[in-house]
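After this come two complexes, each holding subunit A, first together with subunit B and then together with subunit C.
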Partner chain A sequence: MRRAELWMPWRLLAPAIVLEATLVLGPLLIGIWYSLHNVRFFQIRAYVGWANYQRILTSPDVLNSLWVTFVFSLGALVLTFVVGFALALWLERDGRGATAMRAVVLVPYMIAMLVGSMLLKWVFAQESGLSGMVLGPLGMGDVSILADPGTAMAALVFNAMWRDSAFAMIMLLAGLKSIPPGLHLAARVDGASAWMRFRRITLPLLRVPIVITLVRLLIHFVNILTFPLILTGGGPGNATETVVLKMFRLGFQDHVLGQANALALVVFAANLALVGVLLLLFRRTGRL
Partner chain B sequence: MTASSVILRSAARERSALPPGVGRRLLVRWAVNGIIATFALFPILWGLSSSLKPADRIMEFPPRLLPQTPTLEHYARVFGDGASGYILNSILVSGATVLATLGFGALAGYALARFDFRGRGTLMALTVAVMSIPVASLLVPTFTLLSAAGLIDTRLGLVLLYTAYQLPVVIWMLYGYFRTLPVEIENAARIDGCTPLATLRKVVLPLSKPGLVAAALFVLVFAWNDFVVAVTMTSSEATRTFPVAIYFYLGFYGREWGPLLAASIVSIVPIVAVFIALQRHFMSGLTGGGVKG
Partner chain C sequence: MTIVIDRRAVLAGAATALAMPAVLREARAQSPVTVTMWTFLDPTKDGGRERALKQMIESFEAANPGVRIRVEPQVWTTLGEKFVLGHNSRNAPDIGWVNAENLGLILNTEAAADLKPLVVDQWPAERRRDMLVPSLLESMTVGGKVLAMPIMAATWALMVRRDLMAQAGVTMDDLKTWGGVVVAAKKMTRDTNGDGQPDVWGFGLGLATERFSMTPAVLGTVGAQGGLFGDGCKARIATADAAKALQWQADLITTHRVTPREAVAMTSDDAIDQFAAGRYAMQIVANSRFEQIQRTAAGWNKDDLAITAVPGWSADKPGPTVIAGWYAVAWRNSPRLREAARFIEHMTNPAAMALWSNPGTQVPMMRSILARPEMAEPRNAPLRTVAELFGVSGTSMPGQCNWARTFADFNLATQQVVLGQRTVADALKQAEAATQDRQ
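The block that comes next holds the complex of A and B.
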């Protein structure tokens, strides 16, 4: 190979590397730097070491947001995954009907998260009259779903399930399609029931796609911002204020950038751990 | 009798001789499909219906599913309040992002697909890692960086950020697509004296249209829909994209749901249209190019 050829791949990769280094790695380094300082309204005041981390990790508001994120992520993960898996199994077969249905299910996923949450806010809002009409006969006519901490969280989880089960479905469908159809056929000839085939063929062969789907959903839910910002505004009180929403408010409303960056890096560390799992799977199986 | 008519006849015979119980199974299937479709589409259709009701009927109780006297007044109001400018910003930013990601992504994807060099494995892993990191955790320091560079509140700043965020996924998708092309054609071009860049432009890219469309669609949906990045990185009306405008309508119109829902529907229409036209391509994008259709 000629010398010029040796450098060719790096020349082709240069724009991408420069862009990612400045706009992804750059902010990360700035974030680390800022998180160690007292910053007010974008002015660095003084080096404070770990004080910002200490401050946010003992702040009741932040601890609340971590708990909220945990509850939301767990609820959303379980429901989204189960619904997505059911959809994948139901719509696995080929044919026009199933293809059309897959497209229908994908619509909530395709539209902007902001718009989806806005539309759901209108469904749940008391003034739209839907909740009164449905809950009225049950004697809960004047319950306001988004004004009660418990039901507001349920609405938030519903939002996640409504939008993201399509994502889980597509990921799992990809896995289902990679199972050789001959296996199911052979098992059927041997008289295995549908449940048996699911337990002994589908589940074991779907192990890697299932883990990947769960991790990718979890990354998405841990970093959720738009759902609570639009649907519940983090309320009532701070009952649905997730950690990234808290970070967003610390940074862009309270302008305490040192603390906001410290919190951002805590979230980033969690992301890194989850992405690490994905990378490990990618290395071992070549799947994403 | 021709062969095809034999096949048609036997197919017809099969259909008329459906075993008992199949009809009921079909009924169950479509009932379940109906429930799924309602679950997925009801919030959107309810928003559409409400957006067409006159202002004094929107909060009527008990609510009517369909507007009695449909009106476009809320749509007129949204466009009267500058929606076209915001939509234009969204189009410009999305379009530029698509072009930039495809350009840089094709170069990088080609390098990873066709060259063997030290550090290739590491770069692949980094691509996957950056692809998986959500932007939200980097919002605050990114704002600081963009301010320092004088790119805050500019459309160029948005395009650069979107490109950085979507480039890894595009690289991954195009890398996957390039690997499926036969390398012999490229070798022939090289022997004929084409440089690697000319080979990419004249031979590889023309053969990669489906892959490019899938990647473009993926980026387009992201850029058109993004709200989180745009709302933090822009502040003036001149640079405001449409989703951000909808967010500001939320504060501006307050509890006036008519214009809010009308704006939401306006934002959905182009995405759904593009999606219906190019649905198959989008599926392959979601799984990182791993699966087609």
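The block that comes next holds the complex of A and C.
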């Protein structure tokens, strides 16, 4: 092979490598550098080694935010997936009604996250929102959804499900469409019930779309900022302060960039672990 | 074609090359110096403050033909951060505007120039005496250096609806103490449609930790102990005075039931919207929102809105008038520092202060402006009230201390007490630690 041919792949890759290094690797290295320093008011004050990591990993606030993130992500993942799957199964058949419904279901996903969360805030507000009008006649006029830690978390999970079940539906609908109709027909001829066809044909053939959807949603929910920032503000009493919201506050409101970057790198490691899970599940399904 | 370079051409070229630096220097000297300023105001727009700034720029440029002012409008919430980041990247504007809450960001970095020799030392003797709150300048002084100049002042005051007061038999004298406010709030909390739920609450609060503002707990603490910080910006929040103030605030929701429980989830903007919608009888609000509340008043007469002093713990000592607002800082590495300082002086001299008051509708910061005949007109009554409060009980937070999120710390503490998650003492300890961590 000629020398020029040997270098050709690298030449083609060079623009992408330079872009990645500039936009991903560079900031990552700066983030690591910051996380090892006391950075106050956007100025590096002193090298502190692992102190920032130690500080955030022993902070009750950060540990609370990790627990909140776990509860929110799990709740949002299960509900979003179940609703998305149900919608995909319901709207699988082509027809005018199904097409119209798909469009309706997609509306929350098309609305900007910030706007959607603001809309829901107005819906859940007791004093001026729809919830007061609905709950009032039921004798629950004094119930404030956003002022109670439990119901505020439920509202946050609802926000996630309301917006992202459309994404789950699209992913799973694509998977459903790829299943040859002949399989279901043959099973029906053989006398298989609807449940049997779902369990023996649909589910096994949807394994890869299901894994992709679950992991994609999980990464999305772990890293979400907009929902808690706009809908609940992390409250009441830090009950909905997720780890990314905590990171945002440390960095952009408290201006302690050393700790914020340490926490960002912990979250980054968690994301890498989630990607690792994705790759592992792909291998198990025989696709890699 | 052949080009012949003869001796004459070589000599002409050499002469031109030698003369070029001098020509460029002369051209630069004759071209106007452009001073860049970051502010949230856009002088091309039509608003009172915008018109005031435009007039100031025009008069300054007329008096200083060699200097041009270029305004680059910015989002107001990020002005402080951007200025420091600009300083770090050696690309800050010559002048930046910073709000009081974010001054700690500027005063703790080395981004701002000392305006004492450039501005303050040039003042005539009576100028300092003319200031309604001279301590405002002291709070901007670090190690003898004056690092910011106040442009506009604002504060938080008690806003109340006169119509509801009259219906409940409450007078302004009843609102001079925090204890009196509770009694009045109970009288003004009403269920008008008989559904068992109050439709008008006695006292409005927004206690969220995002988009927060001043609350009675902070004012009660400042009023009782004189401030939130000790020497070296050491936070003083876990104190008996703060505990009394926080308990008072939480009791509005839990014990007296004159504030809806939903207040723990409401931003200050939400609470102001509710006040304008007629749901609250009283609320601590920034004086700059007076006109907005009047404009959006729904279901009640806007002329019934009154503004009065922050209550105190006893009738003989009024509550604190904590002064916030906007400040101008000059970038210390600016190549046009002298021109920038000249414009800052121009924006803060008595003539400019008159413009900020009219057409700018800002509270006068000088006695001479307050004494002007137009300030006695009824339309300026709210401004006059606040200016008088400045003179009586005006105080400012120490500029070098970072209190940008201390109000949120108090709000979180109140949430935790209302929800039964922490005791008052524990909640305040956490608030103090959070504020201290930011210093």
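Note that the second predicted complex is superposed on the first by the 256 of 288 C-alpha atoms of A that agree within 3 Å, B and C clash if a C-alpha of one lies under 4 Å from a C-alpha of the other, contacts with A are read in each partner's own complex, and residues count from 1 in each chain.
The criterion applied here is as follows: a contact is a pair of C-beta atoms (placed from the backbone, for glycine too) under 8 Å apart; a residue touches a chain by one contact, two chains touch by 3 or more.
Here the structure is a predicted model, which is why all the values come from computation and not from measurement.
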item: Touching partner for A:Leu205 - first (subunit B), second (subunit C), both, neither; value: neither
item: Subunit B versus subunit C as contact partner of A:Ser144, first or second or both or neither; value: second
item: Partner chain in contact with A:Glu127 - subunit B first, subunit C second, else both or neither; value: both
item: Contacts of A:Val78 with subunit B and subunit C, given as first, second, both or neither; value: neither
item: Touched partner set for A:Leu57, first subunit B, second subunit C, both or neither; value: neither
item: Partner chain(s) touched by A:Thr232 [first = subunit B, second = subunit C, both, neither]; value: second
item: Which superposed partner A:Leu183 touches (first subunit B, second subunit C, both, neither); value: neither
item: Contacts of A:Val48 with subunit B and subunit C, given as first, second, both or neither; value: neither
item: First (subunit B), second (subunit C), both or neither touched by A:Val24; value: first
item: Dominant contact partner of subunit A by residue count, subunit C or subunit B; value: B
item: On subunit A, the residue positions that both subunit B and subunit C contact, one per complex; value: 42, 125, 127-128, 252
item: Touch list for subunit A against partner subunit C, complex; value: 40-43, 125-128, 136, 141-142, 144, 146-149, 152, 229, 232-238, 252-256
item: Subunit B-facing residues of subunit A, complex; value: 5-6, 8-10, 12-13, 15-16, 19-20, 22-24, 26-28, 30-31, 34, 42, 87, 90, 97, 101-108, 110-116, 118-120, 122-123, 125, 127-130, 132-133, 162, 166-167, 170-171, 173-174, 177-178, 216, 219-220, 223, 225-226, 230, 244, 247-248, 251-252, 257, 260-261, 264-265, 267-268, 271-272, 274-275, 278-279, 282-283, 287-288
item: Touching residues (chain side subunit B, partner subunit A) in the complex; value: 29, 32-33, 36-37, 39-44, 46-47, 50, 59-63, 103-105, 107-108, 110-112, 115, 117, 120, 123, 125-126, 128-130, 132-134, 136-145, 147, 160-161, 163-165, 167-168, 171-172, 196-197, 221, 224-228, 232, 243, 246-247, 250, 255, 257, 260-261, 264, 267-268, 271-272, 275-276, 279, 282-283, 286-288, 290-291
item: Sites on subunit C touched by subunit A in the complex; value: 81, 84-85, 88, 104-105, 108-109, 195-197, 208-211, 260-267, 270, 273-274, 277, 279, 402, 404-405, 412, 415-416, 418-419, 421, 437-438
